[in-house]
């Protein structure tokens, strides 16, 4: 079965960014995303889920170019003040051409 | 004496004891947590219920009676965040961003503190005016706007000002409260009757369950008390007392009853921990959540529901003789 | 005149206004959402509650009274999907798959529309027969089977026919409705009494909360209206009216009371949006969900709960003089 | 005869039928599941509610009446796990770990079985002593401690003994039950009144919903019956009968009423499936969950709520003539 | 610590396929799976979670052969009509022999 | 955008281990984690979610050394008696130095 190798970008952030992140992912060229609810701990300490709900974990399969754009965007827009983490992996996607 | 009676009556209500149980459970590191869905469900139910009941009452209130209190609420919604801001800046030496962030919380209102105050009144047989929930809806928004404006008037901010405004105005507490009010006004007592058992009878029990969870949440904040320092601790108790007594006193001038102005005092003294934090997080991301959350949820809320509310009733009683 | 009264009575009920509030909240892009758990919980509660109450009533009903309405329901469960299918094929020029998919929805029933109709009756002091919920259980399944058979009789399908059947028969709406009915019949009024406060008193309030969420959901569907085109819009309003009036009229012949046949009309006219979509998605995956969901949830449901139900009551009143 | 009446009265209560419905739904592979949040919410509500009601009653009970039953409960909390352990070791040939794991469950108590027993009493017009919930809180913990000590006295274990203890003592069932009791004692009848509609009226209906889910859960356990073998099947029915009858009999000596000792029998005979499994999983991970879960949830619980409870009432009635 | 390299197959699909997918994964040789609730957006637009609940996200660690079988199966059984996405990654699994 | 390659350790286990695992991850040097609720099936059969809630799925981005330590620890502490699975992947983490 033919597969295409794409970048799997995973973003974990506080929930308050949900709407903005999803909208911006689309604008940056992501064709879709999968979102799961999460909780977590990081350098800023446990997210105060009582006032903004748990973290969100967004996965999006995109072309390397789009992946870089997403990373750039999040880095200079959110890293300083918000709880957010981003990492990239490779994934062999079935019917992958659909997502670039 | 009789004030001690008030205090005891409050501390020994199932609602407050449920809050205490929640705090203890958290300190015991119990696995007791309300499922997140239930927490949301209860807050939706409570906000809609007070909205509805307020609306039904408003439907019966001659406009004349309501105008005065409404305007006073608006006034205090603008005034209290400014007071808070200046106290934090001048006495607390907080930077501009954190000062306005905290001010937004203390200018706005905590719906639960309001509900506990109402409940306390009816427990002690003192019914406040029925339209009080309408005042909560009025009080919630302006303070946040004012506080954010203070912050945005100066240098350009990273946060989104319009995003924050939408977060407040379309936020679920405003929608449910205002929506419930309007529905209540439209349907009136007769229309409310069929849904009354659900929204009226179940109310206080649901509130107890909700406070159980809030206790768990607040207890986790207690661990941050050290981080915020002695000033914020004092601020979180003294400013509410000042705001509260001020409101009780002014309440008399606009014709509020004894119980009415006591509840009004509790409202004005309370610090928001749902609408304000969300808005502030969006508009002023560089402000430190530990400050405003710990102050409003870890200090002021517990103080108000235990000691504050009886105090405001006592002050009202004392001013009204 | 008095019909306008009926209309107002319906539109100004807290239940409908809650639905409207949900729609507005969604249009305002509010963050207000019922937690998924609560949405499920309420639907489970409502289905079980109407089942129980229907069963308790059935326990008191002489079989003779029930046979006629039951058979009529069965008949319409077979007839209405065929009507819908042919209208969609001949007038709407829909392909066979989408036509039968939509037909399955309009042949089956929306439990909530039914509940609102019942509630509307009791609000206006007209009690329909107690066994009506039993008719809902009877009406839900056949239409879906008929519509799928229409689709499957022709060329071999990709979807799973048996899977779909199981989805309907073991689906939670049938299990809760039928299960509740049987329990109600077995325990009777005396046995029901201890659980009555929970299932009876709380009912209408819970329904209001549920409609709040349905309003939010329906509003999101509205954005798809353009996609489905004018024909489906007209179809989603005119076919229910036709089905509804037909049912009201036939209801008289099998001895249903005025309120009974009005509720019966609302049932028959309503379009399923829980059981049918799940079954159709499994049996006819190539059918386009946007069509059948938008029609049933975005057009017919809002129409029925606002204008339709008062209309069916008016028609019933007019036929019964 | 009249005992058959008791049996029918129990089997035909909505609460038991809801349990049966759950079992059937699971066997039909229906998609019916209570959302996890609702399951948690109901268990929190039920535990807190019985705690509160028990506390309010305790507040009215002369200490003298309570001491005897309390001490007896403590005694049986130590005795029953030892009985269970020895039966499992000597007759059942279970290894030490699994024997003590199962013993912990049968020494402790199932809150729901208790509630069903109470409800059954009030349905048949026999009110047990109000302080019974206090006995549940007393009965829950000791057995687990005893059983774990049996296991830990021998060779060093992998599991965490202190972790397990904390799991039980700070576990939510103990916190809610004990917490509710204390709140109830503090506020008394007058303080309980405002929250009564929520915690009292809604109680039985909520219980029915909860048992619906438990039925689904228990049904899944049934498939494991083969795995556990005939001995455990017999054990899961005969030991509860023995424990139950023993408790009913001893109940008389400490002055419990007929209904009181019947409920006491149900309590003592029941097997824990919330507190005990969690503690055992931590303290004795090498024990096989299939054994203790299937026995307590798949065998003993269904037996008790259907046949056991009427039996204990019958025995009580027979001993009390 | 010895690890085995296996294929991590991730499937995101509409919830209505849950029972069928899980059963078929077993038949195709998967020894286990992990399922999380998700929501998402793709070429078919946001899943209508009001009538079938959110999407499901299934992860299963399997041998390359089984991975191919799963991909084949899903591709020709579900791709055309259902909302589903599948992608493969490598993962070093501790005690991995247990899962092949 | 500069990224650091770290180990992504994924742990799926029965929920009863949640507190202990999270505490121990911290002690072993993990700077943070992301936790999602999950259900699953494995060699021990479906987790009995009625008595301990669903499984948990923990992801933590750590240095290779810490990853090994985590694997070692879980292997000899939990593998024998508990339902737990662990696997490692590589991930290019933005601002990754923050997490080592």
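Letters A, B, C, D, E and F mark the chains as written, and numbering starts fresh at 1 in each.
Operating definition for what follows: a residue touches a chain if its C-beta (ideal position, glycine included) is under 8 Å from a C-beta of that chain, and two chains touch if they have at least 3 such contacts.
Bear in mind the structure is a predicted one, so any value in this text is a computation, not a measurement.
Any chain bridging chain C and chain E, meaning touching each of them, is missing here; the list is empty. When the C-beta contacts at A-F and at D-F are tallied, the pair with the greater total is A-F. Looking at which positions face the partner, chain C and chain D present mostly different ones, since fewer than half of the interface numbers are shared.
Centre-to-centre separation of chain A and chain B, using mean CA positions: 35 Å.
The distance from the centre of chain A to the centre of chain D, with each centre set as the mean of the Cα atoms, comes to 47 Å.
Remark: chain D and chain E have CA centroids separated by 40 Å (rounded to whole angstrom).
One finds 20 Å separating the Cα centroids of chain A and chain E.
Multi-chain contact residues, meaning those touching two or more other chains, occur in chain C at positions 35-38, 41, 201-202.
Contact with two or more other chains is made by residues 36-37, 89 of chain E. Taken together, the chains touch in the following pairs: A-B, A-E, A-F, B-C, B-D, C-D, C-E, D-F, E-F.
Here chain C touches chain D in the complex through residues 35-38, 40-41, 44-45, 48, 52, 166-167, 169-172, 175-176, 179, 182-183, 186-187, 191-192, 194-199, 201-202, going by the rule given at the top. Residues 14, 16, 20, 48-54, 80-82 of chain E are the ones that touch chain C when the two sit in their complex. Put simply, chain A touches chain F in their complex at residues 10, 12, 36-43, 55, 57, 68, 71-72, 74-75, 79, 85-89. The touching residues of chain C, counted against chain B in their complex, run 12-15, 17-18, 21, 24-25, 28-32, 34-38, 41, 119, 122-123, 201-206, 208-209, 212. The touching residues of chain A, when paired with chain E in their complex, are 1, 3, 6, 8, 22, 31-37, 61, 89-96, 98-99.
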